[in-house]
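Sending over a structure as structure tokens; questions will come in a sec.
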């Protein structure tokens, strides 16, 4: 059931507030200078290797944000591509960023130009390297497949939301022998990337990528907050299971957890248990 | 002339003239703003963008969080649809920009006679023809332009005969790729690869009639009575039949994994949304 | 310096992918043309599907929601055909609706062909109500006022002149809805249907896994899973249809894929063994 | 002779099928290698798709959401398009930053909308994971197979979640749990893979059926 407003589900406001607090407090901590750790993510260490190889071979690097519509995931994908482009700019390796969403295209133009500026090589920026191919799923896929084969790319980075077309990109990249690193939040496409790419960034690791690559305090702090939120989710599931075992699935408390309504049933339940009112 | 503060009465000539002037004025105003904005120092520009980002986000966030009064609405809810429409309009302008970029690239290929420019000609011609028929067709569908047989046939050839067929062909090509990817990747090189391969194979057999056939050759029942005890021999044998195992993996084992990923992705996205909203992220803007 | 020919298994490991593509293509062509058919074991959801339609009375009204187009023809077409055969055999009246133009044309053509076999008269025994882009709006509209929502059939005949819809005020006058679809339209029918309307579901195989919760809870009374489900249904109806052919074809492709994967693994072990030994 | 007449593209219907077949062969030719035939159809494909999107863009969005309210006299809408046009400054060196104002609106809006997306997508999944009894007691009437499945659910969920933590080193027990989490993840991925193979094969069969039945007019099965 879709929730239109926070009030439709008393869980929403509480959980979002706790996550937001956890994230913001840890960002503040990180900014204040706390030393924060991030564990190794194997695929990301290979980015530099992939760039190095394409520099050696003198072949281009492709970056594909999939069909990602403009939104939070798209911004994250572009943040990763911006980081990769900065590395590329150091070696003057040619790059192509191919998008299927026009808004992502517009934002990507800005981000890639910035990347070259920040790397101190504004002269290398070519507006034609960021391309909008088509907003039609398979027209886009045919364009990407053609381009990967024609230019014989040496490294292929795919980050974002992907649908059925994922395997067309990954297998075509594999045919031309590109090093491929993919990261997606689309669970249904992960198996195909795992099968066809050299490294796959799965689910949540996608959002950890920018923290891992940049080691910026804000992002590392946010990472800690996210882990706390996950711990909270895990605890909630555990408490739910134990309560369901002890109290039975028909108990009002379990009903409150399992089929949450708005605030009224919550307030009613709390007042009943605390004050025993009928 | 004014129906309300927000609406001009366009049934009168004066109203129409007023509207035309307002639209022109809006364009001029936004144009006139440019030198003013341009005068902002870099820091000011950044603050301005951060503020605009914050307010755009605050609108949707507030609409979501503020208490409801009646009919599942709060005082911001009536604004959601118009706000979505604004986003749609901006999105369509972006699509115009994307199309412009695409056409510009290929026009340049042709003009400068770059390598393989002939293909750019193909692209431009098919773009122009399709654009003509597509615009005509959508206008005709709204009864803004007359329909005739040239339009109907032309659009049919370009869309139904060609574009849809290309979609179907490109979609079906994935079957070949899934095969070659599976052949290459499904090797028992490590425990992980082994698990991946083993599960995929069980599903591939189990969801097909062959799975049920193998199970019935092995003498496993294909159905159990509803009231059978879960630990009776019949139930256990039934649970071991391939279609049952495949379904069990697909539903019971897959669900918690998928859910764990969903939780992670949701939390990661939420944290990112908060950072973007408050302009804490120094990523792309 | 190559001193000896690479072993068979080494060549197998480095097989040109185009040979694999050709194998798959030939495999499908062969099994489409060859009448090799394995019998299917009837799964419980298909059996329930069959029983639900068997329980209908002559003259009952059924809505068939057909939303597939060319891409999923191998899964949804045999489903729709088998279902229509059963409905007409039971002398049940039905109407068809779609969510887009191509789905409308395909379902209309198929229904016309099968109707001829059973002597079903258009307008009297069945009708096609055209397509509705927004399914939620359509279902909601039909639940409150069906004639006003439908207005006219696929050929432009006004609802009032369609005998099959005579006396029909809302969707509640229907006995059952059968959703033949490659996409997630079924939950919409379940959530927005009038009380008591039976929902039967014909999804493609990928969508089937998600439907089991609805089956368990009884919100969906029966299900045909992809081409396999169509094959089971053809067997129940004792007709010869394409479900069996397509299901067999998919099945033998699976067998081909599994066999080559196994061969690949054997080759890997042998090659490793040869290198170490 | 009759067969040939019905085979050749001499009617609109046959022409439709012939075009479809040529398109299919052009696309499939990339399986062999990238070639001029494919390249021609690829460029045509992208051109057609770009042209097609203009109709809905101009009529269904710009006309419907912008021109129509203006003709009805809602004057405030007149600012939207000139504001959105700031986006077109991205190619300019000097005014490029103006496009970021528009991008800022888009980013802010997608961030603000994410709260609702989170609540309607992730939270129901959390809610439905909460009522899972782990043992038969007098208070609940779970059957033993459900108990087993519930244990699996909780163990799988928690270990995969453990794998997806980043801010501390995975050591000792955590490391072992995370390894299991990774294995469970592979079960889920394998299941998705196996399930999709069937759907994709079915698509290919549909296409080959089109070639054999619709184009070559070979009768297959019942019709």
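Which chain is which? They are A, B, C and D, in the order written, and residues in each are numbered from 1.
Just so we're on the same page, contacts are C-beta pairs under 8 Å (C-beta built on N, C-alpha and C of every residue); 3 or more make two chains touch, one makes a residue touch a chain.
Note that the structure is predicted; figures quoted are calculated from it, not measured.
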Chain ID, smallest distance between chain and overall C-alpha centroids: D
- line: Most remote chain w.r.t. Chain C, using mean C-alpha positions, is A
Statement: Winner on contact count, chain pair B-D
- prompt: Could you state the distance in Å from the CA-based centre of chain A to that of chain C?
  reply: 34
- prompt: For chain B and chain C, what's the span in angstrom between their mean Cα positions?
  reply: 25
Message: Rounded to a whole Å, what is the gap between the Cα centroids of chain A and chain B?
response: 16
Task: Scan chain A for residues touching two or more other chains and write them down.
output: 4-6, 8, 16, 70, 72, 75, 103, 106-107, 110, 127, 133, 135-136, 139, 142, 187, 191-192, 194-195, 202-204, 208, 226, 230, 233
- line: Residues of chain D that touch at least two other chains are 27, 30-31, 39, 41-42, 45-46, 48-50, 52-53, 87, 90, 100, 103, 106-107, 110-111, 113-116, 118-119, 126, 129, 154, 157-158, 161, 164, 185, 188-190, 192-193, 195-198, 201, 203-204, 206, 210
- request: Could you tell me which residues belong to chain C and also touch two or more other chains?
  value: 17, 21, 24-25, 70-71, 205, 209, 250, 254, 257
Statement: The chain B residues in contact with chain A across the complex are 63-68, 72, 74, 90-91, 94-99, 101-102, 105, 108, 163, 166-167, 170-171, 173-174, 177-178, 180-182, 184-186, 196, 200, 258, 261-265, 267-276, 280-285
- line: Interface with chain B, chain A side, in the complex: residues 4-8, 13, 16, 19-20, 23-24, 27, 70, 72-73, 75-76, 78-79, 82, 99, 102-103, 105-107, 110-111, 114, 127-128, 131-133, 135-139, 141-142, 164-165, 167-168, 170-171, 174, 185, 187, 191-192, 194-196, 202-204, 206-208, 210, 216, 218-219, 222, 225-226, 229-230, 233
- request: Please give the residue numbers of chain C that touch chain B in the complex, ascending.
  value: 15, 17, 20-21, 24-25, 38-44, 69-71, 102, 205, 209, 212, 225, 228, 231-232, 247-248, 250-251, 254-255, 257-258, 260-261, 264-265, 268
Query: What residues on chain D touch chain B, complex-wise?
result: 12, 15-16, 19-20, 23-24, 26-28, 30-31, 39-63, 65-66, 70-76, 78-88, 90, 94-95, 97-98, 100-119, 121-122, 125-126, 129, 143-145, 149, 152-154, 156-158, 160-161, 164, 181-198, 200-201, 203-204, 206-207, 210
- request: Give every residue of chain C touching chain D within the complex, in rising order.
  value: 18, 21, 24-25, 28-29, 32-33, 70-75, 81, 113, 204-206, 209, 226-227, 239-242, 244-246, 249-250, 253-254, 257
